[in-house]
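The same subunit A turns up in both complexes below, where it pairs with subunit B and then with subunit C.
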Partner chain A sequence: MSGRICISGSGVVSAVGIGKQESLKALLEGRRGLSAPRYLNTVHKNLPIGEVPLSNGELKKRLGLPENETIPRTSLLAMLSAREALQEAGMPGGRKAFISGTTVGEMDIKERSYLGEGNPAEGPQGCGSSSNRAADYLGGFSLVTSPSTACSSAANSLILGSLLLQSGEFDVVVAGGSECMSRFHLNGFHSLMIVDPEPCRPFDATRQGLNLGEGAAYLVLETEEHALSRGVKPLAYLDGWGNACDAYHQTASSEEGEGAYLAMTKALSMAGLRPSDIDYINAHGTGTPNNDASESRALFRVFGEKMPPVSSTKGFTGHTTSASGSIEAVFCLLALREGFIPGNPGFQTPFEGGVVPQEQSVPAPGLSHVLCNAFGFGGNDTSLILSRAL
Partner chain B sequence: MKKTSIPCPSPLTQLYRQEVGDYPKFFKMDVLSRLGFLLTERLVGTDENRFQPREDRAVLVFSREGSIANDRHYAESMKDFPSPSLFVYTLPNIVAGEIAIRNKYAGETSAFVMEKYDEEAIFALVKEAFQDPVTQSAVVIWADCPSDTLWDARGWLVDREEL
Partner chain C sequence: MNPVYIISATQISAQEPLSEAWMLAPKKLASGAAPCLDPDFREFIPPVQARRMGTLLKRALVTAKKALALSGIPMPDAILCGTGLGCMEPTERILATFRESGEGSVSPTDFMQSTHNTIASTIAIHLKCHGYNCTYSQGSVSFESALLDAFLQLKAGLLSSALVCAGEENLSVAMVLSTSPRGALCKLADVQIRHGAAPEVTQDPVLRDSDYKPLFGECAVSSAAGLYMGAHLLDRQPLQVLGTGGEDYSRVLIQPL
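Our next item is the complex of A and B:
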């Protein structure tokens, strides 16, 4: 292994805003992005969800794409946020890979044909085709792939991207994930009885489940050496990561949070940090009774009673599933760069054995290291550590 | 490197009864998970101390079509009432989770969707997984399953030294 991995650009879209500036403002002001469905054609008219506040037509307009072309919403969200990331990074050249986690993919289009509403010609193209569509728009990638590990997909994309850079096969990697709302997965999560009919309340004693959200986020990754050689100053470093399997149940987390514990300890050990070096934890914190209890247990196992500030930002965005790992990594980057701890909307009352999160966003200048968790069905648990660039 | 495959068609429940027999959760699984499960049983069935929990073995699954066979069944159920037991298997990485649960593997698990069967690309990604110093071996599965009756299923057990 060689080469410290740095972040030289980032972009994000979610229910709280298009781009980093709008997102930052919403996080600082505590403005949540959850509302009844506006764009998703669903019978669940009253379930709060976190939709990106633009129609497909408006997204295409912003991207300069023809209104009448059928393009998966997942691709549109990916294009918008990856473009922001690449622009911030100064449109780097060289051997580039696009690693884009998704699970829903182009299901928004596919499900119309399944349900007999759409044109059969718009039928299945494959889960990864939404990433290819976005990569074609952005241009210049010699590798495009789609890690699909449910809600840890985007976080795992960042790991895979870093490994590709360290292998020396690529100069620049754009890594993250994108996920649009679909009836397919809204109904699915609802059928598992883990959707809260009210705005979600991560880590609260009264929490009843998650609210689904959509969005996309990408980080431009390169080795520090590569960034400096082209005159670009790193925004932050990706110094540690860990992936572990909970090996307990397809859709539930173990009581002891074993997978989460292993992922966090691996990331710390890789970064050469002690638990006390971590200044903020962006928890997976979905708001389901099971996740928040299990994650709390894992957090106490790693951090003991000296718990750094913790928050789940899913009360802002909803659970953006396969995109959540990179969306929250961008929030962590904003926290490092802008010096604040994001709040945990929806929290009021702690539960026994639960972490007590940071309720409101507060200024916190000088954060050095932050940890970001993303856990997926299948017990696929990932932790990332972002460190400040001096 | 150990290798195995399951020809298509094959009677999967019969294979389960002949080769495994003690894991009734098999019957809840979709075809993709059944294929991954059976391939892995052949690869690791004779391991010493097989069910001792371990972190040093990764599970990496690859396919073209992901979970599409089961996705269709679940979409069909949405016309009446969405089925939670089908929804669980609409994720292409659940097969990796099933393998990890059965064998108590707490190491890296991953699932990749790629355009076509490409052994070189698969093993390039397997090699990346071994950059993690914890990983000593990996169960590698290519299971592409466009429908319940059509598949291409191959598995490898790879040790670090073999790459």
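Our next item is the complex of A and C:
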């Protein structure tokens, strides 16, 4: 059985807002969410980061959870955004799976406990348990799992979600990812010398690195047949995906962007589309010299001189790592439904061999097919194709 | 729908590594912890590369190479991995650095090796394998998540072969799956993961944690060792390999050819 996979709901939290409406407004207005750390207790007071503008206490309040319960921030962000997605989808029942990509998991609690600042988490730890907490809060899931492929985790969740639906074993999948800010992550990236002390500039000639971000986003996926059978109109379709490994280096991408090239090519092939059918590309575009050069090379290999509009939205949210694949998929969904191209804040001057992105958000009625890239450390490269629902 | 087969399966564990000779006289472990017996890594990994790899990564790479060699499939279409905690050594070192020297002294090598997907990507880099690559970290069903992903894609014809691994501090398991039965150990008939309640178990013989944990120890991917064991022990009846831990459960059904 291979019905078309559709999206019937979505939810998102990031530095640019809580929920789709706030996020859409920020994208249209070009309002960046980066700032000096407000919630993270770090010595790096001058690094721009993209924090979700709610404390853990405020998140728990919105979720109706007790203030004094130790809950990983990754789980709180997941609960809030997945709840929005399920509500939009009309709280579907049936056989449901929850697929949530993460790398940080419960590290925020672990590092505080190591430093004597807080209680350790109770029970089992690791990526899976932070996903389980969110799944149990939302309820009704008979399968929960967590892809953990660094910056492509959430995108890979959508792939497994598609596979589960096409197998006929599940009716509804809530798929995406969540990643909270942590000192572990911030200092880890900093040690690799790929963090920009200024707000990032994806695809710009003077770019120096990424700004770390946090957030979460989920899509409710089901077969088109299932959605229509319960009277729900698809919002969009997940028509293609591609996952390939760069197999080059743990943290750097190859010059030819081989993994990225293969991922995009596979996605196009699965969707039955040619490069010329793509109306917009949401690039991975972290703002590191290496990614933007490598990704540009891969984009030119696929699209040649006929490059569709491209932008990286990481200048809005920061690099939300494991959640970026689904946060940016939701931005692509908004682009399709609202008819606009999200901008690429931070870009001013192109570099030799670099794509020239769309700097400001612009109206673009009639977008039909959108490509969303998520390229992770370890060469874990994933591309998704979302198509408009008529 | 394609049939799926387990062609080869191997391990590095508390039992004799990269071999099934241990099955004649298995060691029963005294406690849950099970330090690995290591092969001579120099047979498989050049020393220059080995020096830069932690023990978990070396074991993962070696079991992967062995499983591929046994399978007769030099380059799999995909590499998938399940790991509960990933490489704990670099993770703990980073946290210890915070405690001792504050932020800012993190070793980049430690950070690179602390992410869960470092295992599957290390294998891909060594093999120069550009195929589908994914890592799952979901406690006691980490390995079965990777196995399920591979199983669904093989059945659907998206892949014709896959290397599926499990890596934890004291256990490494690797197996090669294929849609062709050539040289196969057994048929992989079903993979189920369930949250909150165990999947239904049939009347077929069962291999459960009380069978494999005393031999391989207790960790998130012990059930991968259970499947490895089951694939080699399978005779004329199907076998259900059950995994459990926390809220997540797995049932893998294998059948004779």
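We adopt the following convention: the second predicted complex is superposed on the first by the 383 of 390 C-alpha atoms of A that agree within 3 Å, B and C clash if a C-alpha of one lies under 4 Å from a C-alpha of the other, contacts with A are read in each partner's own complex, and residues count from 1 in each chain.
Keep this in mind: a contact is a pair of C-beta atoms (placed from the backbone, for glycine too) under 8 Å apart; a residue touches a chain by one contact, two chains touch by 3 or more.
For clarity, every value in this text was computed on a predicted model and none was experimentally measured.
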| item | value |
| --- | --- |
| Clash-or-fit label for the pair subunit B, subunit C on subunit A | clash |
| Residue contacts with subunit A in the superposition, subunit B compared against subunit C | C |
| Partner chain(s) touched by A:Phe141 [first = subunit B, second = subunit C, both, neither] | second |
| Partner chain(s) touched by A:Glu258 [first = subunit B, second = subunit C, both, neither] | both |
| Which superposed partner A:Leu390 touches (first subunit B, second subunit C, both, neither) | neither |
| Touching partner for A:Phe377 - first (subunit B), second (subunit C), both, neither | both |
| Subunit C-contacting residues of subunit A that also contact subunit B | 103, 111, 114-115, 124, 126-128, 145-150, 156, 160, 163-164, 166-167, 183-184, 187-193, 243-251, 258-259, 262, 376-380 |
| Subunit A to subunit B touching residues, read off their complex | 1, 103, 107, 111, 114-115, 124, 126-128, 145-150, 156, 160, 163-164, 166-167, 183-185, 187-193, 243-251, 258-259, 262, 266, 376-380 |
| Subunit A residues within the subunit C interface of the complex | 42-44, 98, 103, 105, 110-111, 114-115, 123-129, 131-132, 135-136, 141-150, 156, 159-160, 163-164, 166-167, 183-184, 186-193, 243-251, 258-259, 262, 376-380 |
| Contacting residues of subunit C [partner subunit A, same complex] | 79, 83-86, 94-96, 98-99, 102-104, 106-108, 111-118, 120-122, 124-125, 127-139, 141-142, 145, 149, 152-153, 155-156, 193-197, 220, 245-248 |
| Residues of subunit B defined as touching subunit A within the complex | 53, 55, 59, 64-66, 68, 71-72, 74-76, 78-79, 81-84, 87-88, 90-94, 96-98, 100-101, 103-115, 125, 127-128, 131, 134 |
